[in-house]
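Letters A, B, C and D mark the chains as written, and numbering starts fresh at 1 in each.
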Amino acid sequence: MEVRVQEQDFDAGVEIAAMRQRVKGAGAIVSFIGLVRDQAGEIGGMVLEHYPGMTEKALGIILEETKNRWELLDALVLHRVGRLDAQDQIVLVLAASSHRKDAFESASFIMDNLKTRAPFWKKEITRHGERWVEAKESDELATNRWRREKENG
Amino acid sequence: MEVRVQEQDFDAGVEIAAMRQRVKGAGAIVSFIGLVRDQAGEIGGMVLEHYPGMTEKALGIILEETKNRWELLDALVLHRVGRLDAQDQIVLVLAASSHRKDAFESASFIMDNLKTRAPFWKKEITRHGERWVEAKESDELATNRWRREKENG
Amino acid sequence: MKILYFARLREVFGESEQLSGMPDAASLVAHLRARGGKWEEALSGPFRIAVNQELAGMDARLAEDDEVALFPPVTGG
Amino acid sequence: MKILYFARLREVFGESEQLSGMPDAASLVAHLRARGGKWEEALSGPFRIAVNQELAGMDARLAEDDEVALFPPVTGG
């Protein structure tokens, strides 16, 4: 289990290869990469701010919850901060398990919870100026869905 | 959308980087890697047989269904055949979308359907001899779950 | 029509054979089972049928130029 | 106690300040809002509170050596 917050870019292939080396007996590795989306060619870049200390703590708690809920052999959360350009990589989540369902659900759970509980803030830089990205209600709903699923079964 | 069946190994990082180049505007790329699992140190290797022609056709149909159901910008299914050793990579699935939920569900749907509808067969080579892997009922159930979800929603 | 076998069935039956006069998948399977011995035995377990490289049911109609395949439930991925 | 601000709130309030005598998060927020102007305005939208780097509710008790942070709903990933 590893959490990294860094300014520099990452190579998903290198991280996946390292996890394969570390984890013997995995049957499935799921990776998620989040990218700076530029839907209308409007976004020139982005600045990612975070709360040092709390970020690592919050992500560590999310990984613990994931491990308690699924058969998780290893996981990595790597989140970039600072200045990013359109189409840059923002976040990498890896989850290794014996079973594909556990790997998929772990990675998805980590991302949904990161989106609502990890202290990162995006400021978009557009042609018209800068603006803080607004939190989406759909992210809150995605996090709450896991809570409901747990209560129901 | 691309389907590849090959004997040689693959590099997930290279495939992800190629997809990032091809697809502009993606917000999320999910990758799934399936590995030869060796739970008890028993499996010396595996031979993967397939039905050339039908394999590509079946995977192509699964990708079409995925594209019809989710907002999918690009996808890749790369499946190895022939002789594999313990901890070798078997399959890579990539799904790129604007939204993380679509990318996760697309990759998961592709894998579940590949498991029951793509003509691959595994023969394990153990210390005690060779044996064809038995299909799992849980894989049928995983495929059927998507059918039910579609009917209900 | 060309009949192909894969995996466990290929090891028992060989890779392929030519047959004719089978109106549907069920008739083909009945014909193969009627050979007895290893044929009856291997087809007593679960298996799948593909007609022209698509999964089909036992009621699938067959034409003389069809490619029909019999194989165990798939186990890739 | 140390009060930290992030993102939009940091731009309006500055990075941090020292305060004392706030028994709970609700009192702290009331105190900040009572400053009026940009304080009242910035805290009229949605925001979150963390106490010692964990998300907390308005009823969270505060001690003098706590690290309290106020920030907008998070938008990473």
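The criterion applied here is as follows: a residue touches a chain if its C-beta (ideal position, glycine included) is under 8 Å from a C-beta of that chain, and two chains touch if they have at least 3 such contacts.
Note that the structure is a prediction, hence the values are computed from the model and not measured.
Each step here moves to a touching chain, and the least such steps from chain A to chain D number 1.
The most distant chain from chain B is D, comparing centres defined as mean Cα coordinates.
Computed from the mean C-alpha positions, the centre of chain A lies at a distance of 22 Å from the centre of chain B. Note on chain placement: the centre of chain C and the centre of chain D lie 71 Å apart, centres being C-alpha means.
For the pair chain B and chain D, the distance between mean C-alpha positions equals 47 Å. Within chain B, contacts with two or more other chains are made by residues 34, 100, 111.
Among the residues of chain D, those in touch with two or more other chains are 77. Of all residues in chain C, those touching chain B in their complex are 4, 6-8, 10, 46, 50, 53-55, 69, 71-77.
Here chain B touches chain A in the complex through residues 11-14, 16-17, 20, 24-35, 37-39, 87, 98, 100-101, 103-104, 107-108, 111, 142, going by the rule given at the top. Against chain C, in their complex, chain B makes its touches with residues 34, 48-51, 53-54, 57-58, 61, 79, 90-91, 111, 114-123, 132-135.
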